[in-house]
Amino acid sequence: METPLQPGSGSKGARTGIILGGLCIVFLGLVGLFLADVWGHPPAKQKIPLVDAKFLEPKPWRQSYADLVKAKEDLSDFDCYACHEKNKPPPIRYDAEHKIIVPKEHENIVMGHGSHDRNNLCYNCHNEANLLTLQTRDGRELKFDNSPPLCGSCHGPTYRDWEYGVHGRISGFWNKKLGEASRLACVNCHNPHAPRIPTREPAPGPHSLREAPAPRHPSQAAH
Amino acid sequence: MIAATRNYLRFLSRCGRIAFVGDWRYYVWMGVLTVIVLLGLNAYCKQIVHGLLVTGMSDEVSWGVYIANFTFLVGVAAAAVMMVIPVYIYKNEELHDLVIFGELLAVAAILMCLAFVTVDLGRPDRFWHLIPGLGQMNFPASMLSWDVIVLNGYLLLNVHICGYLLYSRYQGKKPAKWFYIPFVFIAIVWAISIHTVTAFLYVGLGGRPFWNSAIVGPRFLASAFTAGPALIILALQVVRRVTAVPIGSTPYSATGSTPVGMAIRRAATLKDLEVLAQHLPELAKVPLADQVACLVGSTVSEVERGEILLHQGGQDSEAYFVLKGRVVVKREESGRVRITRTAGPGEQFGEISALNGTPRMATAIAEEPSRVLRMPADSLRLLMRNKALNEIIHSRMTERLMITDRGLLILRGIVQVSMLINVFLLLNEIFKEFYSGNLHVASSHYLFLGLHGHSGLVGWIWTAIAFNLTAMVLLVLPVSRSLRWLNVACVLSIVGIWIEKGMGLVIPGFIPTPLGAILEYSPSLNETLVCFGIWAFGLLCYTIFLRMAVPILQGRLSKANESLPELEGDDGPIASPANRVRPTALQT
Amino acid sequence: MAAPNPFTGPDKTSDKAMTRRNFLRGSAAFSGLAALAASLSPLRELKDFSSTEEFLQKYYKELTPDDMTKVIQRIENQVERQYGVRPHVRDLRPMDGVEFVYCLNLTRCIGCRKCVHACVNENNQSRDPEIQYIRVLRLPHGSLDLEKAEHNYAPTQVPEKGYFYMPVQCQQCKNPPCVKVCPVNATWQEKDGITVIDYDWCIGCRYCEAACPYWARRFNFAKPSIPKERLNPNMAYLGNRPRRQGVMEKCHFCIQRTRAGRYPACLEVCPVGARKFGNILDPESEVSHIFREKRVFIQLKEEMGTSPRFFYYFEK
């Protein structure tokens, strides 16, 4: 009968002892590793800049005459007869291609109401008889602080939508029983001489959790 | 009642203590697993503190490797129980004891699933919100609530079945059929349901066209029944290895020198049958005439400790009953010897050769001074005409720990068919996605070909497909009947299916997002550590389960030997599963 | 010591060897426990614990008015402690006879992203990690295929020629897939049409995020960071009160404003008036007018059956 191999004695037993001793050392090493807190930290914050608070102000782009009055601003620009003579409507001059020549006193006005220069006559909107008022196509006189019907005299569907609050901005309460909703005038967004809404700078794009997306130039195709 | 509780607690404490006992290889294995578990636990603590920011997930890809592993493991858990079908429905005895290993694997897998889901939660402290009655459970609308119910139910089912069977074996009692057979059948149906419910988690999301397809459910089942039994094939070979000792390491081997028949022998008498009937009450029901008739040719032997009663491979065909003492039955295979069962008073051995006429499958050695009754095959058959005795002898025939190669081949059959179905379903999917030119295939495009310059998963999925196809070919060819190639095919299947079911299913569902954005995903170091930690935890659980179950099945850990000291690795050193299984040609 | 064992022969173990092994086993166990304790050490950094009452807080629908008062008190205290500003938190209930609908005019949207940031400001969203409920997509003229959408356009001027812009946020679907899948009922649709989240009930499983076909839901991967000076103290329980790490959030139609009768912040800031919001059950509301007058409406991914409350339309 050969000598039996006993656990706890002989080479196998010593090996168990070595293994157990090794385990102790490994565990104690783990204690150090854990306390040292080497890995597993969250990624550094992306330092995304806050959007400018001004960007979020819901102020309208333009001020209408009524706004100026309310804000008690300087209305001297609207005193036409400071320069013009009463009962003598200023003549409108065109160049060879029937483009309007804007006099240098009014050079801040850029004309662009309608494509192909089709609305180049100032007196389509301004009242030549009384420069302090506006006029519709059918001759009705409108005060400067009530310009929307003038726009509506040509832009009917848009005007109807505007009356309902569907075109353009609306602010306040959807529940009219609890409060008021206010509309803006057409000229609060549209420059009456060049009404097309200009392009603007957008806010930056979204920042994904895992990668900073590269900003794309508009000429690059999507993806 | 109190005694029963006390016995049960004693049983639990012995099982618990045995988990800490083993040889040096056991300590290495458990030590390595413990280290990995601790690393994972530490990583999870960091996740609790800093939030899921420390993973690689994002709003674009909001599920990652945690849910991928969960999905894979639910399949393993479901398939582990499917082994049960051949045994209980087709009455295949080869796999009988192995069913327990399958169910224990199911328990370990479900524990891992629950762990993976828990670590994925943003607010695990609010888990009580899921408990019906205490919290709110959106049942039956939410598939996740179904999943919570079926997974926990499945866990309880399997814990009950394994626990009851093992405890009955420990007590040496025959398990009451009504206490576990209905649950086994429920578990079979439940296994299919857990995986189908998990599939429905994905299928039910109309907003994700990659998942919203009827084929996901069947693919889940097909891949589960490939990977699950493949894992079991590998696990069983490991168990077979570690529960066996190399020949020559114990003083008693199958080719021991003590010849049979040297023990004191005399003719059997009725008195001996009476003694036997004390331990085997069914014998008393046999009519006296039959009892007398079976005494013809029967002998009783008194044997010393260490005497060999049967030799493996021998051609004799008597059956033996133990009247006093204990006999251990050991089988030699591939150069290693394993205990297959232990017979105490009233129990039989050698009956298989007696009834079937096959050569001895094992060697029987007396463990202590014993008295055995030796009966010719005809006498045994005569006795077994009695119904009660017939039943008990048949049930005890299967109470042995034998992992035969034939059992592994049956499992191979399951893996083979399932892999064929799995590959067929994959081809179906690929055709459907790419043939019609439909636009909703961005996710499949991303997975297989890359999308708009992002191709993070392409390498992975094609590797998985290559593995699966290779495994399929191997499984179909007869070459996989050899264990070496079978193991290769199993490993390839498991890895291939892990990739395609985990990353190949979960991640592409999120890329591109429903609004068309693409953000790729890769797990962070922390996330990976947590995954490893949970896998190690599962292996730890499974090892502990086996460390308890194998001695019980071998009869080494039983109520009868409560007074004996704890096993100190004396059934042989437990080999490290890292050892490669030596390939052999299978003997049928 | 041990009874004689037939397989290993008479016990030859020396007492010394057994004691040494027991000592080693004990040391291994002890150092294992030390490693276990050390592995839990990151939890030391855990601040901001839930109090017991917060941990046990009932589901929103089960809170009595008294409970709710206590909860609001707790929230106000917490916010004051954290941000130095005393907020005003209300539990606003839906109004009768109200069902909200949102209409968005895609001809008008210029893609400036003011709505995105106004929402962030109004609803106290985390700046870093960045959470934005609204995502503006840039699409080429002629297609609504979202796979052609660009999320990160950054030109110097918008709008760009050849493209149109579509802001997407929670569509407050009538048949919400997110509500269907939440395992704990932490999200549901109220009778005025807003799909809300009880932030104190959500377990953070992110199933709803996977289910949403519009990618509208956001998860707090980390503790949200809100600059103190930008905190909006006008809060609602189901709305813009600061959320915690690990819970979901999303657009709730500025519930603190809309249930008090006001327009949501995204609409107020939109410089071109592309957004219209109101009560579809009121025939005089802007949205009713739109439904009567405009022709083509797009509900995103209509075929999903989600029945979203967001109606996109083109003017021309």
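Just so it is clear, A, B and C label the chains in written order, and each chain counts residues from 1 on its own.
Keep in mind that, in the parts below, a residue touches a chain if its C-beta (ideal position, glycine included) is under 8 Å from a C-beta of that chain, and two chains touch if they have at least 3 such contacts.
Every value quoted in this text rests on a predicted model; they were computed, and no experiment measured them.
Peer 1: So which chain ends up in the middle if you average the CA atoms?
Peer 2: Central chain: C.
Peer 1: Applying the document's contact definition, name the chain pair with more C-beta pairs in contact, A-B or B-C.
Peer 2: Per the contact counts, B-C leads.
Peer 1: Centroid of chain A to centroid of chain C, CA atoms only: how many Å?
Peer 2: Computed value for the inter-centroid distance: 24 Å.
Peer 1: Averaging only over C-alpha atoms, locate the centres of chain A and chain B and give their separation in whole Å.
Peer 2: 63
Peer 1: Between chain B and chain C, what distance separates the C-alpha centroids? Give it in angstrom.
Peer 2: Chain centroid spacing, chain B to chain C, equals 42 Å.
Peer 1: Give me the residue numbers in chain C that touch at least two other chains, ranges are fine.
Peer 2: Residues 7-9, 25, 28, 32, 35, 38-39, 41-42, 129, 135, 148-149, 151, 221-222 of chain C touch two or more partner chains.
Peer 1: Any chance you could list the residues of chain B touching two or more other chains?
Peer 2: As it turns out, chain B has residues touching two or more other chains at 27, 31, 35, 38-39, 42, 46, 50-51, 53, 58-60, 250-251, 568, 570.
Peer 1: Which chain A residues touch at least two other chains?
Peer 2: 1, 4-5, 7-8, 16, 20, 23, 27, 30, 34, 40, 42, 209, 223
Peer 1: Where on chain A is chain B touching in the complex?
Peer 2: Touch list, chain A to chain B: 1-2, 4-5, 7-8, 12, 15-16, 18-20, 22-23, 26-27, 30, 34, 39-43, 208-211, 223.
Peer 1: Spell out the residues on chain B that touch chain C in their complex, using ranges where they run on.
Peer 2: 20, 27, 31, 34-35, 38-39, 41-42, 45-46, 48-53, 57-60, 62-63, 117, 120-127, 129-130, 135-138, 141-145, 148, 201, 204-208, 250-252, 305-306, 365, 367-368, 439, 442, 509-510, 512-517, 564-565, 568, 570-571
Peer 1: Considering the complex alone, what residue numbers of chain C touch chain A?
Peer 2: 7-9, 11-14, 17-18, 20-21, 24-25, 27-28, 31-32, 34-35, 37-39, 41-42, 95, 98, 110-114, 116-118, 120-121, 127-130, 132, 135, 138, 140, 148-160, 221-222, 225, 227, 230, 258, 260-263, 267-273, 276-279, 284-286, 289-290, 293
Peer 1: What does chain A use to touch chain C in their complex?
Peer 2: So the residues of chain A touching chain C come out as 1, 3-9, 13, 16-17, 20-21, 23-24, 27-28, 30-32, 34-35, 37, 40, 42, 45-48, 50-51, 53, 55-56, 58, 61, 161, 164-179, 181, 189, 197, 199-207, 209, 213-218, 222-223.
Peer 1: Within their complex, state which residues of chain B touch chain A.
Peer 2: 23-24, 27-28, 31, 35, 38-39, 42-43, 46-47, 50-51, 53-54, 56, 58-60, 248-251, 452-453, 518-519, 521, 525-526, 529, 568-570, 573
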